[in-house]
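First chain A sits with chain B, and in the next complex the same chain sits with chain C.
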Partner chain A sequence: MSPWRLAWRNLQRNRGRTGISVLALAVSTTLLVVFHGMVYGLDDLVSRGAVNLGVGEVEVHAKAYGLDQSIYATLPTADAIVERARSRGIDAARRALGGGLLSSGEKSSGVRIWGVDPAAERALGKLPSHLKAGSYLPDTNGNRVVLGSELARILGAKVGDRLALIVQAMDASTSTEMMTVDGVLESAGEQIDGTVAIIDRRDFDALFGTDGKVHEVALSSHFQLPEEQVVAVAKSVAGDAADVQTWRAVLPAVANVVDITRSSAGLFSFVFFAAAGLGLLNTMLMAATERIREYGILKALGATPWRILTDVAREAFLLGSLSACAGGAVGLAAVFALESHGIDLSKFGKLSLSGVGFESVWRAHASADGVLVPVLGMLLVTVAASLYPALKAARLEPVKAIAHV
Partner chain B sequence: MNLVKLAWRNLLRNKRRTAITLVSIASGCAFALFVIALMDGIHKKTIEDAARMLAGQITVEHPAYRDAPGPALFVPSVGAMQAVASKIPEIESVKPLVAGQGMVASAAGSVGVAFLGVDPAIEGDVSPLARHMVRGRFLVPADADARGVVVGTKLAARMHVDLGNKVVLTTTDVHGEVVEELLRIVGIFSLGSDALDGGLVEMPLAVSRRVIGLTDDEATQVGFLLGDPDSEEQVIAQVRAMVAGQPVTVYSWATLLPALASWEASGTRGHHVICGVVIFLASFTILNTILMSVLERKREFAMLLALGTSPARLRAQVFIESVLLGVAGCAAGLALGAAGALAAARHGIDLRDSVKDGAAPTVGNLAVSLQLRPILTLGDVVFVGSLVLILTMVIAIYPTLRSTRIHVANTLRAN
Partner chain C sequence: MRVLFATVLVAFSLASAPHALGAEQAPPARAEPTQADLAAILDYVDDLYSSRSSHTAVTMHVVTEHATRDMGMETWSKGEDRFLVRILTPEKEAGMATLKSGTNVWNYFPKINQVTKLSASLMNAGWMGSHVTNGDIVKHNRMSQSYTYVKSFEGDREGQGVMDLTLDPKPNAAVVWGKVVVVVRRSDRNPVQIRYYDESKALAQTWAFSDIKRLGGRDVPTTIKVVPANKPGEFTELRYRSMELNVALDDALFSQRSLQK
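Presenting the complex of A and B:
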């Protein structure tokens, strides 16, 4: 009889025991697959939040822009970058950036002003449709402004209100303009909520005297291309004179959130595997102990220790594959269900991490390694847990083993 | 012999099996308890730091300030609030604050900022900001006359300013007039939050009052710091009762810092779920072990039943065996987890070097504390303990029922 068939029959000899082990393993695998799916989903939630709400997948600035964020550090290659990106199917938007003071009656607030091309922003990300009230800038300019939600609260400003925007222009003179509130953004994380005022780039030029110069180009392939490829497209035009950064570099604290989630998920999986492995070790040990007499007879009949070791390991492998696959399948089904339905987090209020808000529905994300890692891991744990009893069995002395009661 | 003793002896009959099961449950419980205490510690430390740096656990404001903060919406009598606080022993200190928005300008350009006027005499002792100075020093009472302020590293870099340099703050005063004030930088801090390091100017209370035109008895907010943050609910009720009739509203930190509150609520829930799963998996080994031992002891049970043991008694015995395993494993695990959490609380776990660029995640513009000190509460122990016990009992149902489902005569005849 083939050794595999023998292992299969051995498993069937004690159906109760096999059943319990299969159940325990399958349940653990299912939980692990669901857990991985949810963790990948959380990564998605955070990174999509960062990419869609303003930053894009990649941002390009002049090298000198850096920490100073000086209005003089403009990006001369901006137009060429946008043109090249669009020819590759990547959406791109130019932004002129500056600081200023926005005031409404006795209330005022320092703001970060984004001069944008409204149409390009609409194609790039979700911010233009992420509105609490009013509308995002129309395609024609007219001294309109869109405010972050917290900024609107601080200023007590509503759609239609007129606010004074005071800035220091390129020539160091003070420049003032009355702006009409066109819209108020929905909360998009602290990076944007409390400080950002979005105006048309033509109005920005008039106010700051930037004359069409911009400070930033944001690029997004909407997750269709790997980030490195988007970086390469921007670099091919911008060369070494510009900083081309992925959102991870622009928002290191957000990238760290993703890393921390990943590594704590790794720790949790380890604990899950260990808990399941211990249960299994018990079953395997019991099976081996129960069959000491049998092993003794086999050895007396000439079975080598290696043969016994591989027999036990084979049983474990069969048991493990069966249950891990069953558990994986159930887990995957659950992940698909959680991907289409998701868990509503809105009862916890507006969620944001590291200044970037994310959607309030947490969906699982089905992926190959989210299933393979738990399934193969569980299989490995099963075989590993069987090795100790297998070694014990293989080392038995036939006479003592046969006498074992 | 009583049932518990009998069950215990049965468990001891197979020491190794029992030991492995106990190790599994104990490590599951210990891990769960440690993680919950750790997360509690991170949440509470971050919230406590925020409360101490900003407006306390309990904040008094003008009723209309929350909806549209403006310098004209201030608390008219700080003295009255201090009198209230002095009657409540749980309140450790009172922080009058003047908060506002403005723009600071240097030769290199201008940046929008939030400014915060604090009392240097109080703040130096309570605020975490005072411990995060990287250059120069924190505010001292003499800065009130010298117009000394502290700014974040990123703001200083952006404005090309350093210690001793001057910047101009532009804001609006209580009458809606645009006002300017020349300020001198005496210290530079780094809190690990882009928004604060790049957009907060902290100045002496007297300076901020002068700029926006408030008297010495007025402030935009009055914060109460609690010695024990857990007494918040009780104290807030007391404060509300005492200020009734005055033109002020009393808030909890959770209203002022909603991002922190949602983070704590969702994080706590999330970790309870994950720990529940760990405990479930660990408890599952009980099912494995007990069911296996029931199947293994068919003959023994048949014999007992043949000799007249009532099925109920037999079931009770099996049930008690599993619950004993659960209780013993859980007790060991809770002890281990608690010891671990207390040891970590004493020594602290410093993760500051393990995140890239030291960029800690931030919540509501506040950097999450990476010096982890677990906080172990009785509630956590009760949560983990009761979860294990309930799960154990549920899990024990099937093996218990199964134990007496034997055909006595056939089983005895077999072999």
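Presenting the complex of A and C:
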């Protein structure tokens, strides 16, 4: 009889115990696969929130801009960056940035004004479709403004209202314009909600006298290219005269949370593996103790310690394979289901982290390592947990073992 | 100090009568001035452009690192704390106006037909992009009351007889400066220069007075140049083109309704 067949038959000798062990390991594997899927999904939720709701995968500014966000720190290579990015299949949008005072009747608020190309923003991210009311800016300018949700609340403004915008232009003169509210954004995090007013870049030029100059270029490959590649495309044009930053550098607090979440997945897996391993160790020890006399007879008949050890390990490997594969399959099915349907978190209110808002549905993310790490890890733990009982069995003295009661 | 500039900007406006020690006549110079003499000099400087009411025409030349602008303005003032400034040129800003009444300041923007009250957070912002801050307009401190003062120099400098008064803020005075040096001409007490220092005694702003001419029946410096210490090459220069003092002005002129006309 082959050693594998022998191991398989050994597993069937106590079907109840084997069944419980398989079930316990399979459930553990399932939970780990689902946990990894949800953690990766959370990463996606957070990073896509950061990328899609404003930042882009990569942002480029003039080096001087970072110091005090001066309106004079414009980016001369913006057009060339956009052209190069689009030639590589990367969406890019120019933004002119400034400050001002927006008033509605007696209410007024300091605002951060984004002068945007509406069509480019629609191609770049989800912010233009992230609306609570109204519409995003049309492709023709006409002194329209889209407000962050909290800003609209502060000003008591709704779609169609006319607001007074007062800014200091580049020549330090005071510039004013009446703006019609075109839309109000859905919550997109504190940074946007409370302060951002989005207008057409042509209207921005007329107000600020920026004459086509911009302060920022946002780039996004929609996660089709590694961030480093997008950075390289921007740097190939911008050179050292500009700051080219990934969203992780622009929003380090959010990036840290993503990293911490990933690390916690590793820690969680370790605890699970340790618990499963100790449980299995107990089971295998019991099985080995029950068969001491058998091992004694096998050794008396000439079985080597290696043969005994590998027999036990094979048994554990089969047990682990069965459990991990079953658990992995169920877990993967659950991940697919959670990826498709997600968990609606909207009842917990607005979701945001460090000023970046997220979509309200938390979906799992199926990935190869999200399945392989739990499955292979569980298999490895199973085999490792069998080694101690296997070693004990392999080192038995035949006479004593046969006399064991 | 209701600083010269609550004087300047407003200087285009200020006013009030032949004040105590009066703007009409400078106190005579003495060999060794007493504290009362020094106080009189500070009051004279404070009230330089004041009268019961005033009506002036002023131009403002603003030079910053990035742009140079010129603005023409007309100003009216009545009493200590009411004034109105209306921008006449350039066309883009024509009609914009600032009204001060008591401690409140409003701006009017004709293009959007909007009156906005200046919030406390904007007090450090430059008025209409100049180096004169909104806070300079609002403040009302008189130098002789908010500071202790000593004569720190008297003699000839650059061919002109001058006297320096060094001012330190009184402990509870609501002033922003850590030190002020007022330089006046010995001959008529007209200011030559005022230097403002921050709390760490570093120079923050210099106001230089020149072009003494007879306006509104007084010999006053008609050009005031404000130079920020931390922005090399930048300055704001105010030039008085005309000044009428003690003119009859209706109180209604200093109302929000009037602001929008």
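Here is the rule we use: the second predicted complex is superposed on the first by the 404 of 405 C-alpha atoms of A that agree within 3 Å, B and C clash if a C-alpha of one lies under 4 Å from a C-alpha of the other, contacts with A are read in each partner's own complex, and residues count from 1 in each chain.
Assume a residue touches a chain if its C-beta (ideal position, glycine included) is under 8 Å from a C-beta of that chain, and two chains touch if they have at least 3 such contacts.
The model shown is predicted, which means the values in this text are computed figures rather than measured ones.
Novice: Given the superposition on chain A, are chain B and chain C in a clash or a fit?
Specialist: clash
Novice: Name the contact category of A:F35: first (chain B only), second (chain C only), both, or neither.
Specialist: The first partner, chain B, only.
Novice: Kindly classify A:Q168 by the partners it touches after superposition: chain B alone (first), chain C alone (second), both, or neither?
Specialist: In the superposition, A:Q168 contacts both chain B and chain C.
Novice: In the superposed arrangement, which partner chain does A:L101 touch: chain B (first), chain C (second), both, or neither?
Specialist: Both partners.
Novice: A:M178 contacts which: chain B (first), chain C (second), both, neither?
Specialist: Only chain C is touched by A:M178; chain B is not.
Novice: Return the chain, chain B or chain C, that is in touch with more residues of chain A.
Specialist: B
Novice: Just chain B (first), just chain C (second), both, or neither: which does A:A253 touch?
Specialist: A:A253: touches chain B, not chain C.
Novice: Of the two partner chains, chain B (first) and chain C (second), which one does A:T74 touch, if any: first, second, both, or neither?
Specialist: neither
Novice: Answer with first, second, both or neither: which of chain B and chain C does A:S323 touch in the superposed model?
Specialist: Touch status of A:S323: no partner.
Novice: By the touch definition at the top of the document, which applies to A:T18: first (chain B), second (chain C), both, or neither?
Specialist: A:T18 contacts neither chain B nor chain C.
Novice: For the superposed three-chain arrangement, which chain B stretch in 116-124, 170-178, 224-232 or 368-376 runs into chain C?
Specialist: 170-178
Novice: Using the superposition described at the top, list the residues of chain A that contact chain B and also contact chain C.
Specialist: In chain A, positions 101, 103, 108, 110, 166, 168 sit in both the chain B and chain C interfaces.
Novice: Quick one: in the complex, what on chain B touches chain A?
Specialist: The contact residues of chain B facing chain A are 16-17, 20-21, 23-24, 27-28, 31, 67-72, 101-105, 108-114, 154, 157-158, 160, 170-178, 194-195, 199, 258-259, 261-263, 265-266, 269, 274, 277-278, 280-282, 284-285, 287-289, 291-292, 295-296, 355-357, 359-365.
Novice: Would you mind writing out the residues of chain A in touch with chain B in their complex?
Specialist: Residues of chain A touching chain B: 14, 16-17, 20-21, 24, 27-28, 31, 35, 67-71, 99-101, 103, 105-112, 153-156, 166-168, 190-191, 194-195, 252-257, 259-260, 268, 271-272, 274-276, 278-279, 281-283, 285-286, 290, 345, 348-355.
Novice: Once bound in the complex, which stretches of chain C touch chain A?
Specialist: Contacts found on chain C: 62, 64-67, 69, 90, 92-93, 96, 109, 111-112, 114, 116, 121, 126, 128-130.
Novice: Provide the residue numbers of chain A that touch chain C in the complex, in ascending order.
Specialist: Result: residues 72, 101, 103, 108, 110, 164-166, 168, 170-178 of chain A touch chain C.
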